[in-house]
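Heads up, there are several structures right after this.
In what comes next, chain A is part of two complexes: it sits with chain B in the first one and with chain C in the second one.
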Partner chain A sequence: MSHTMRAISGMIVIAGAWFLQGCAAPEPSQDLLAPTEAQMKLRSFQSRTFDVKDRQLAMRGVIAVLQDLGFIIERANEPLGLVTAARFAEPNFYDVLGVTVTVRQQQEGRMLIRANAIYNNKPIEDPKVYQNFFAALERSLFIAKE
Partner chain B sequence: MTGRGLLAGVCLILSGLAAGCVTPTQPAEFFQLTPESPRNKAMQTRFFETKDEAELLSASAAVLQDLGFQVEESVQDVGFLRATKERSAREYGQDIGRFFAFLLSFGKFIMPVDLHQKIAATLVARPINPEGTRQEVRIMFYRVVWKGDGQADRQYIPPGQQKMEMLRDPVMYQQFFAKLSKAVFLEAFTL
Partner chain C sequence: MGRLTPDIGKTACRSAEARVFAVALGLGLSLLLQGCPTPYEWRHQDQWDSREQIWLSEESQVKLRAAQSRVFDSTDRRRTLEVIVDTMQDLGFMVEVLDEELGIVSGKRFEPLERPNIGTDPYYHLYDDQSLLIFTKSYLTWGPFWHRSDLVRLTITVRKRNETQLVVRASAQFYLRAVEDPEPYQKFFRTLEQALFLRAQTVE
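Moving on, here comes the complex of A and B:
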């Protein structure tokens, strides 16, 4: 009898300990904010450098190409080199595609252009999308230079 | 035997749920020029032989004001303007359609009709040659329409359903540029 009791109480202790462990909040890991490899990769295909003389010229090129692609320019901030635009995923008007482009001078005559695109508030992580955007931008900046 | 059938059923349901979670195809093609792009660009763009970009921009704002728009955003350094106006979106055609739908469904279906709309314009002016003697003005119009309420059988359809669309009526653009060229005393060129 006492043998079974002891076994049961032992089980209860183990179960209790297990429950307690479940209640403890998980410790945030040390590298929570450290960049992961996926983030680095994403950043690398979202950015590209272009040989453009000044930032305003590059920004105007970005705005022109976004308009060519059918985007509505929503906001622009020249001092910060920021352009925000959006478009409907035509022919369907319920899905919205948004994009934020930043233009920063990396060194004299070289501009770092970074684009972040979202589709229905979800970030786009497909490199093809950014390749297409930069291809169109390159063409537009090249035409503007002539 | 039943156990296996049950398991297969659960697997099927789970895979169905998983399929529901899959994100829609990534829109790579939205960053590519389409066959319509050059046509839209030609419709939305005019050229002006002037050095004065600021004057062109302020005249554009004035024309938009004449058309009843409120300027909401302006950035002179990149020649950018955004303006909106809100108007009623009631159309007789839709009300007639609503009436017949009501009759034909024996009073069971009350179709929601367009009630209110917000028309917006974004405009960008920029020099297109290095000397800055020739300017390009590009404007795009679009609108958001809100529908009123309705009813389908016993199901009430709440108001506020939205629809958005780009406005691609060439007449609208021609009228805007006619007014703009009058305002700056300059002829507007197309490509």
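Moving on, here comes the complex of A and C:
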């Protein structure tokens, strides 16, 4: 076989392989709906209990703190204790920051509040962010109780 | 004469090779230019007709339903919904729809997937001070419906089966298609069972 023919057949093989790998859509992984180790660890940073008896008061506190932080409330469901909110993030305001907060009645007089936040497409894993959020929430609940 | 013939044969063979080469080159170029330039884009299909979506399902409906549904020995619908929301938070989903009366929870999550390696990924520039929305192959939106290639959507429904049981059904969508593999659902229900402290049974 001449050099040209060899080069052509080589090109066809490469083009064929490229073509085939390009057209296959990725298959969902088996663990698509399974929790990962990192997610379970994150859960403890994301949850905190507060000494609040009234669930509605806790919801109001959550909404107020989200407003304080510049979020726009997207949905709030009082009976099931869910608030979701989003905002554009500093400095350029084209990144999106989304947050989901749930409020659950624990034993008498305690309220479990859990927040999880995503930045564009990635969950926020820095515990400091959640600490700041809960510190602001604590202040907000304190004001609401007054 | 006798010496000339092999030369003519060689020349003819070379011109034939050159023609094959030109055709191959032409074919390759036209393939590249026809608007399918990168493998990344090949993986995205345009679905202009919503009926295409419905017909995409490949598994039998009954089999799919069985894989997606589980029965729980509980009548506490509210607690079940609350635990579903918690489980979705554990999995990193953002809850978008929650309706107690209808028993629906829906959420979304982004999977880390490949990105085009040439240029910037325009979906990050959803909104800046100079422009409005940018529509690209990896970010499409029509009113409330929008799609991104790395988007996973999950809808869970809870309904009463009889006086003592509830049926929970989960359906997920990944890369525009319904997830029909039973394995991800099994893993989801295992997590939900642990959160509910209840054993799930398959629907018969």
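Convention: the second predicted complex is superposed on the first by the 107 of 146 C-alpha atoms of A that agree within 3 Å, B and C clash if a C-alpha of one lies under 4 Å from a C-alpha of the other, contacts with A are read in each partner's own complex, and residues count from 1 in each chain.
Throughout what follows, a residue touches a chain if its C-beta (ideal position, glycine included) is under 8 Å from a C-beta of that chain, and two chains touch if they have at least 3 such contacts.
Source: prediction; values computed, not measured.
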Touching partner for A:A89 - first (chain B), second (chain C), both, neither: first
First, second, both or neither for A:S140, with chain B first and chain C second: neither
First, second, both or neither for A:I63, with chain B first and chain C second: first
Touched partner set for A:I124, first chain B, second chain C, both or neither: first
Chain B versus chain C as contact partner of A:R75, first or second or both or neither: both
In the superposition, chain B vs chain C on chain A residues touched: C
Chain A positions touched by chain B in one structure and by chain C in the second: 75, 77, 79, 88, 93, 95, 122
Residues on chain A engaged by chain C in the complex (per definition of touch): 2, 4-5, 8, 11-12, 15, 18, 21-35, 39-40, 43, 46, 75, 77, 79-82, 84, 88, 92-96, 98, 100, 102, 104, 114, 116, 118, 120-123
Residue ranges of chain C in contact with chain A within the complex: 17-18, 20-21, 24, 28, 31, 38-40, 42-43, 45, 78, 81-82, 85-86, 89-92, 94-96, 98, 100, 110-113, 124-129, 148, 150, 152, 154, 170, 172, 174-175, 177, 179, 181, 183-185, 187-188, 190-191
Partner chain B, residues of chain A touching it in the complex: 56, 59-60, 63-64, 67-70, 72-79, 87-90, 93, 95, 97, 117, 119, 122, 124, 126, 128-130, 132-133, 136, 144
In the complex with chain A, residue positions of chain B that touch it: 23-24, 26-34, 37, 40-41, 44, 73, 75, 77-80, 82, 120, 122, 124, 126, 128, 138, 140, 142, 163-166
